[in-house]
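Structures for review follow.
Shared between the two complexes below is chain A, which pairs with chain B and chain C, respectively.
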Partner chain A sequence: MKIPYYPGCTLHERALDFDVSARECAKAVGVELEELPIWTCCGAVFPLVSDSVMEILAPVRNLSYAAREGDKVVTLCSFCYHVLKRANKVVRDDPEKMEKANLFLRADTDAREEIESYTKEDYEGQVDVLHYLEMLRDVVGYDEVKKKLRRTLDGLRVAPYYGCMLLRPKKEMEFDDPEQPSIFEEFLETLGCDVVDFAMKTECCGGFQIVADEDLAVQCSRNVVGSALKNDAEIIVTTCPLCRYNLDKKQHEMEKSVRGFKKIPVVYFTQLLGIALGIGGEHIDFSDNYVDPRPVLAEKSLL
Partner chain B sequence: MAEQMATIYVMGKAYEVPSDLTIMKAMEYAGYRFLRGCGCRGAFCGACGTVYRTQDDYRLKVGLACQEMVQDDMYLSEIPFFPGNKANYDVEDLKPKAEAVLAHYPEVYRCLACNTCTKACPQDIEVMEYIQAALRGDIAKAADLSFDCLMCGLCAARCPAEIVQYNVALLCRRLYSRHIAPEAKHLEARVKEVRDGKFDKEIASLKAMDQREIAKLYDARDIEPGD
Partner chain C sequence: MRLTIKSEELRDDLIKRVEDLSRQGLLECYQCGKCSAGCPVVNEMDIIPSEVIRLLQIGQLDEALNSKTIWVCASCLQCASRCPKGVEFSNICDALRQMVLRKRLSIPRVDADEVSAIMVSDAPQMGVVGALRKLNG
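Showing the complex of A and B:
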């Protein structure tokens, strides 16, 4: 089964460990992720202004590229998923904005009729934006995933960290219950993990504030990490490169400010899936992690 | 047959010019003498970037004055030079990664993907695509897509994010050729031969010849070796 795949800029270079593990896992569960032949940045933030179309052109154009490849597109990064999904909803719900966005896209085509890569058809929201977890649950099926596992991750106490981008705003994201989500827990149960519930699992990691106000962002991520630790988690799992950065790399700062701070590794969900699917070697790469997850994985005989 | 004439407006002033001329020749016909804004006259140097509008079309169009033909009621202005931000770097010190681009041209982060730059390119380059490739660290793709750039500056003139696309492209091509492109083994071998003095004797004998002898030697050269 082939499914169009939008990697996003971060996964192209900075979070290759996420991209590579996701592609390998998809193969192992019978899905070929086909990277879109052309794609650009998703826009990175969803615009809060409601009277401008220019800021949603990037996601809408990417969706129009996806429309030529199929009726759905899969992505992994929480920010990409958030921006693409909300832009898609704008196109679907607001005919005036859809028309304006298409005017821009048509102008691309008018200017360059000889370039085949440009879209010839209007984009009217015909593509469904899927998160990789949704693909596993709804397209492949968790039962099918379970059949493909080479080992289960028994006894590994895993804290599923959603962050905010996947879940909110609820009416636009339509991903899961923002207060009591379950898709991540069900995924980890499929792998046989011991799922750790913790209070801060849907709180913000500090996000882009890490650039503007590092102390504030570290405070946010410290709350998340602390909450997972308090519930005896051994490892935190995330779906987002920025969450991974704030929660993992910034433990360096947390160590300085919290007496007796205990470090905890933070990995991508596709890396745990890869281990359970028996994928190894260079495809499951932990060399970019500040807190090395290998000791705890080795302790459970998972490496 | 009487010559077809067209009315063009150069920086707002009307001129009657023959309709089968390029913009550059029409401007010269009208009395302009180019000191700047004209180079190779062959669409290679990028010195004669021009913006124009035609009647009944709201869009700004672009062309190279040495290539684009005049049209009746064409409003135009040459933009021979565009003041663009250019970073200083030593390409030896850089890695072919997104960081190299973003450290020297952080405004690339501001790209809205509006594609205005692409529409402003007289060379039909996918400008926005190569900026986006550079943004995500795909240096080889950025170098490849921007290969035909003449650095006329029209993309930068139109960019709402104030990116100087052609200088970003230049950095990417330099990063590509220094760090990604395979080494040219035959070139290395030839440089070694030169350094080892393989051609010293021949050069010395050429230097000793007078002009007539050199001309004779040149005329007698193998034009297609192996024939």
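Showing the complex of A and C:
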């Protein structure tokens, strides 16, 4: 089965460990992720003001590229998923904005038609935006995933960190319950993990504030990490490269500010899936992690 | 804080502009404070989210525009998720930021030239792009 795939800028470069592990895992469960032939940055953040058309152009343009490849597009990064899904909803619900966005897309098409043989089809919301976890659950099926596993991750105490962008706002994301989500837990149970519930699993990691005010963002991510540690998690899993950065790399700062701080590895969910599917070698790469997950994985005989 | 409340400013055009931009009815808020209670960065704010809404309800736009609050918001949408009246403070915050940034009423919180080299070479691109779009305009 082939499904169009939108990687986004971060997975294309700084989060290659996420991208590569996801593509390999997809193959192992019978899905060929086909990267869109043309794509650009989605804009990273969704405009919360009513008059902004400019800021939805990038996501709508990417959705129009996806529309040429199929009726759905899969993405992994929480920010990309959030922005594409909400922009898609704007196109579907707001005819005036849809028309304005298409005016820009048509201008694009006219200018670049000859070199890239664009079609002149308008984008009207015909693509469904899926998160990779939704693909596993709803397209492949967790039961099918389970059949493909080479080993289960028994006894590994894993804390699923959702963060913000997958869940909120509920009425637009329609991803899961914003206070008591379960898609991640069900995924980890499929892998045989010991799922650790923790209070801060849907709290903000500080997000892009890490660029403006590091102390502020570290304060947020420290609360998340501390909450998972308090419940005896051995590893945190995430779906977002920015969460990974704030929760993992900033443990360097947390060590300075908290006496007796205990470090905990933070990995992408596709990396744990890869281990369970028996994918190894360079496809499951932990060299970019500040806190190395290999000791805890080795301790459980998972490497 | 010393405030002068003028009847002509209670619902003036600029306050209505906040409502239009954010698509939120300011008078919906009945000050329960759940937005402030759920905010992960509230302790860094000079005016807490529910107070910002209260100030806007009584026409004190400048107090809101000059607050530190609008710049420490990370748009995590927890306030919007928890509000029993469906008021999305995150959107009000974005509207206030846009009102400042579009007219350059103050120096942007993040200057593209001053993002540290470490951040540019190390942080995920989404973080740098997100910060510049939300906090520089």
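Keep this in mind: the second predicted complex is superposed on the first by the 297 of 303 C-alpha atoms of A that agree within 3 Å, B and C clash if a C-alpha of one lies under 4 Å from a C-alpha of the other, contacts with A are read in each partner's own complex, and residues count from 1 in each chain.
Note that a residue touches a chain if its C-beta (ideal position, glycine included) is under 8 Å from a C-beta of that chain, and two chains touch if they have at least 3 such contacts.
From a predicted model like this one, the values you see are computed outputs, not experimental measurements.
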**Q.** Clash-or-fit label for the pair chain B, chain C on chain A
**A.** fit
Q: Have a look at where A:Glu55 lands relative to chain B and chain C in the superposition and call it first, second, both or neither.
A: both
Q. First (chain B), second (chain C), both or neither: which does A:Cys41 touch?
A. both
Q | Angle at chain A between chain B and chain C, C-alpha centres, nearest 10 degrees | A | 80
Q. Is A:Cys9 in contact with chain B, with chain C, with both, or with neither (first, second, both, neither)?
A. both
(Q) With both complexes overlaid on chain A, does A:Asp108 touch chain B (first), chain C (second), both or neither? (A) first
(Q) In the superposed model, which partner reaches more residues of chain A, chain B or chain C? (A) C
Q) Upon superposition of the two complexes, what minimum C-alpha distance (Å) separates chain B from chain C? A) 5
Q | Common ground on chain A, meaning residues reached by chain C in one complex and by chain B in the other | A | 9-10, 13-14, 41, 43, 55
Q: Can you check the complex and tell me which residues of chain A touch chain B?
A: 9-10, 12-14, 38, 40-41, 43, 54-55, 57-58, 61, 104, 107-108, 111-112, 114-115, 117
Q) How about chain A: which of its residues touch chain C in the complex? A) 8-10, 13-15, 41, 43-45, 47-51, 55, 77, 79-80, 164, 167-170, 178-179, 202-204, 206-213, 216-217, 219-220, 223, 241-242, 244-245, 249
Q | chain C residues touching chain A - in the complex, by the definition given at the top | A | 20-23, 40-41, 44, 71-72, 74-78, 80-81, 88, 90-91, 93-95, 98, 109-110, 115, 119, 122-135
Q: Name, in rising order, each residue of chain B that touches chain A in their complex.
A: 59, 97-98, 111-115, 118-119, 124, 126, 128-129, 132, 135-138, 160
